[in-house]
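After this come two complexes, each holding chain A, first together with chain B and then together with chain C.
Take a look at the complex of A and B:
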């Protein structure tokens, strides 16, 4: 390396200090790009599920035109987009945080002037640009070309979908955050991650639309925040909720998001106090 | 001048689960959890002035890391007062974070998969370092630590020595006032070690950086820290000049003996010759190392006795190192009397 090459990188770029959280998101994005092949396969593999579900539902619809108020066209759209949304926040957000806690690298987060929850949100956003981008390609290419998914019911539905999607994204990150935080107590996370994944897929309506669940489960799912991650955006997308229904659904999402934010910050403070002696 | 780091009666207690061995123990713990209280730090008083360089030493588990965690705001003290740069770390963790920096020899704060420069830039953003200052600091760090060729390389591709250089640089991007070094030279080769020590020393001289160093490498301490604080079982057992330790407790001396033919009975012969002063004799590949108490016998006499008893080829008298003193202290073979406490305590 010559003196010139060693000089240039320092001088390039930065003209003013960026916002710390934007900068964090950008750095995570770069990190995620380093893993793009893995990500591509992860997303691709989950898409096998979409295809299985697609054919299961097609068989179910062969004898009737509508199930729980959804037509076959709506159902196949639901199945594909639900998986697309689900892939927005992938494994890495949670596993990265758990790894940091388990190995103790989390101390660096503690000695920097950062809010830990916001830091994790920024990280998740960085990962999502890559993971979400890849899953979007799968959803659109396979969905539009082979599985005949529909466009949003109307422009308004489309906009509400995007709004609900954003709130849902933040909700999911905070839920993942809270589950990962349990690592402070359990110090081992894979079991937690698997259970969380299963529960979240059921209660968010990723596997089956909430309308098809037995009464009691439907009630539970409708009250909990998880529906806001997949089910609520999709109801808007399909044009099943408008007017006051829409206000109610967005309101519920917002209330849960606020509550989760408060809980996440409190939980972090609490976790802070149980920091183990790890390493004397 | 009020001290930049101060602690009074600092106490940290942990509740630790008491689990029996095996599955049965785990189940029992699940049904009836039992906890014991462990006191990691018990009434520690510290007072460090700006620009000082202090070694904080003690055996594993003595409470070193816990103290560092208390000073960095990671842990909340169970009792006592602590202040760093006028800020109480656990109360205002983020404000404290701007004034300090921590380097762990066993961990990296660099982002693993991206070029080192990106980590530096991100740190600059996290600490909101103004552009002009960032550039000035970077120029200085790149120059002094010779980071130029490393900036474009992802951290995972760096050797340990290169990584430590980058980590030290990363810790100084925001020009902290207090730098905590937790075993910074662990696993490094001699040349890299020397270079790092030199760098820390020069940063201290130029920037008035306050350094608190924990290390098991006495070379680090000897070169960087005129003052040493020693902690054992959560209490400070020594606080004073590093040289003072050698002067006060340096009665252990060593003779390294090279023998013509390392007969199996060499150790026995040497032991017999010096039996009255009960030396510690270790066998090496080429001969013996004899450790004795210089208050009981002079080195001249030891050498004379050994030369008579054994086919000696070469003899070397080793100066008492602080290392041996600290080692004995760690092993619990040396206890400081209360009167031995340093000037500041």
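Take a look at the complex of A and C:
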């Protein structure tokens, strides 16, 4: 009568630390799928500038063959892929992090036996699967059907592109995370997101390739970590960096990523001290 | 009419006061909004570091286009940003409150939010506009300044009407999440550059369907004397403002009739 249903093994005790983060990523993935139409528009609106830039550069290249060493084919490819990459870790990831702090949900994060930075990385990864998918569709449709973008310069540059892209993604999540921590001191997440997006667009090389920038701006952009998000992967894609250049670029990305990781963990601990719990 | 204007200003003042309670927030929002506008300026400066003219337009002439769009949108942000709350209000039912008050609902919606950070965009827009005008070698006549002022004011009406219209989607499609209104609002960026560079499709959209071009490109060509601009183009901002305001008021009326409140 009392059938022992022990034939389905019940998993007991702790799950491995890795799978905790995987299930966090899966949760946000499901959320992102639920809001896919919004995500579609959010990605779509960043592509307005792809269209604008395409036409502006087309007009510029009608009179010359190359600008700062970039041909028209390369520039077109650059513009589309730059915006495709920049759409990753979009509006939603940042606002979700800020909302957690503003509503006080962040205290639940506090009591969980998880590393907060890794938690945020896992969440961002979940969103990115959907954002990345949609952004890839936009990039491929616009890029292949209308703008006729180039393939990676070679297999090696394609692989380096993917590696740089992954490091760039992690860099961006940590930067967005650090910005979101500022919501501990201010209520205005919107203004922070606007600033973050604008600075990121300029210094990552999304709006215009680093090579074209005026000297002083180029210097600033080359030193800061943001170039690793868009510019570095694209330099590999276009085959403009090989040999020791490539080692240097990946090395710089890695150094900045490590530094940001340390800073993010320290900042998180520091930020939590200023928490004020509202209520009576 | 006078009474309505007074109520409008009164409501704005109330919002302004509450917003001023968060002084640091105001500065963060203002800086953020300005930085967003600076992206296209940084692009332009870099672009013109390598190119001397874009379809016959100089850097300074294009700055005039940028300034006009930025100033118009900045003023819209200051006085009509409440329409962006419409979706949330319809969604959670607080729009009911608007309907029972003896003040026109549209007026209340416009004043539902004070975005004083719009003052940042407006000033930046005016600075960019004046810089552009000063270096464009404008052939000043008595109507130049009035046309520019008219363009900015009509631009405010146009951008306000368009965001009002797109946010009314809430009456038919109650999901408050949609990014569709933002997408349409950002299409104004097309009008920050001379329309000649675009393909025919975009030119038609930005002239006829979302006539952002009518409040930047067309009147600017007249004032700056770029190409042969027919004199009647002076009316293009008025056409844009009039048509968009009319469309907004018609759809608003329909939307109000369609509104059923929330719940079962």
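Couple of notes before you dig in:
Basically, the second predicted complex is superposed on the first by the 260 of 280 C-alpha atoms of A that agree within 3 Å, B and C clash if a C-alpha of one lies under 4 Å from a C-alpha of the other, contacts with A are read in each partner's own complex, and residues count from 1 in each chain.
One rule holds in what follows: a residue touches a chain if its C-beta (ideal position, glycine included) is under 8 Å from a C-beta of that chain, and two chains touch if they have at least 3 such contacts.
The structure presented is a predicted model; accordingly, all values stated were derived computationally and were not measured.
In the superposed model, A:242 lies in contact with neither chain B nor chain C. Of the two partner chains placed by superposition, only chain C is touched by A:195; chain B is not. In the overlay built on the shared chain, the residue A:112 is in contact with chain B alone; chain C does not reach it. Of the two partner chains placed by superposition, only chain C is touched by A:48; chain B is not. By the touch criterion stated above, A:158 is placed in contact with neither chain B nor chain C. Shared-chain residue A:272: touches chain B; no touch with chain C. In the overlay built on the shared chain, the residue A:35 is in contact with chain B and with chain C.
Put simply, chain A uses residues 35 to touch chain B in one complex and chain C in the other.
Within the complex formed with chain C, the residues of chain A that make contact are 35, 37-38, 41-42, 44-45, 48-49, 51-53, 55-56, 58-60, 63, 67-68, 186-188, 190-195, 197-199, 201-202, 207-208, 212-214, 217. Within the complex formed with chain B, the residues of chain A that make contact are 1, 3, 5-7, 9-11, 13-20, 22-24, 27, 30-31, 34-35, 103-105, 107-108, 110-115, 272-273, 275-277, 279-280. Per the touch definition, chain B reaches chain A in the complex via residues 14, 16, 38, 40, 60-66, 69, 72-76, 93-95, 97-98, 100-102, 104, 107, 109, 111-114, 117-119, 121-122, 124-131, 134-135, 138-139, 142, 147-149, 151-152, 154. Listing the residues of chain C that touch chain A in their complex gives 22, 24-25, 28-33, 35-36, 38-40, 42-43, 45-47, 49-51, 54-55, 117, 177-180, 182-183, 186-187, 189-190, 193, 197-199, 202.
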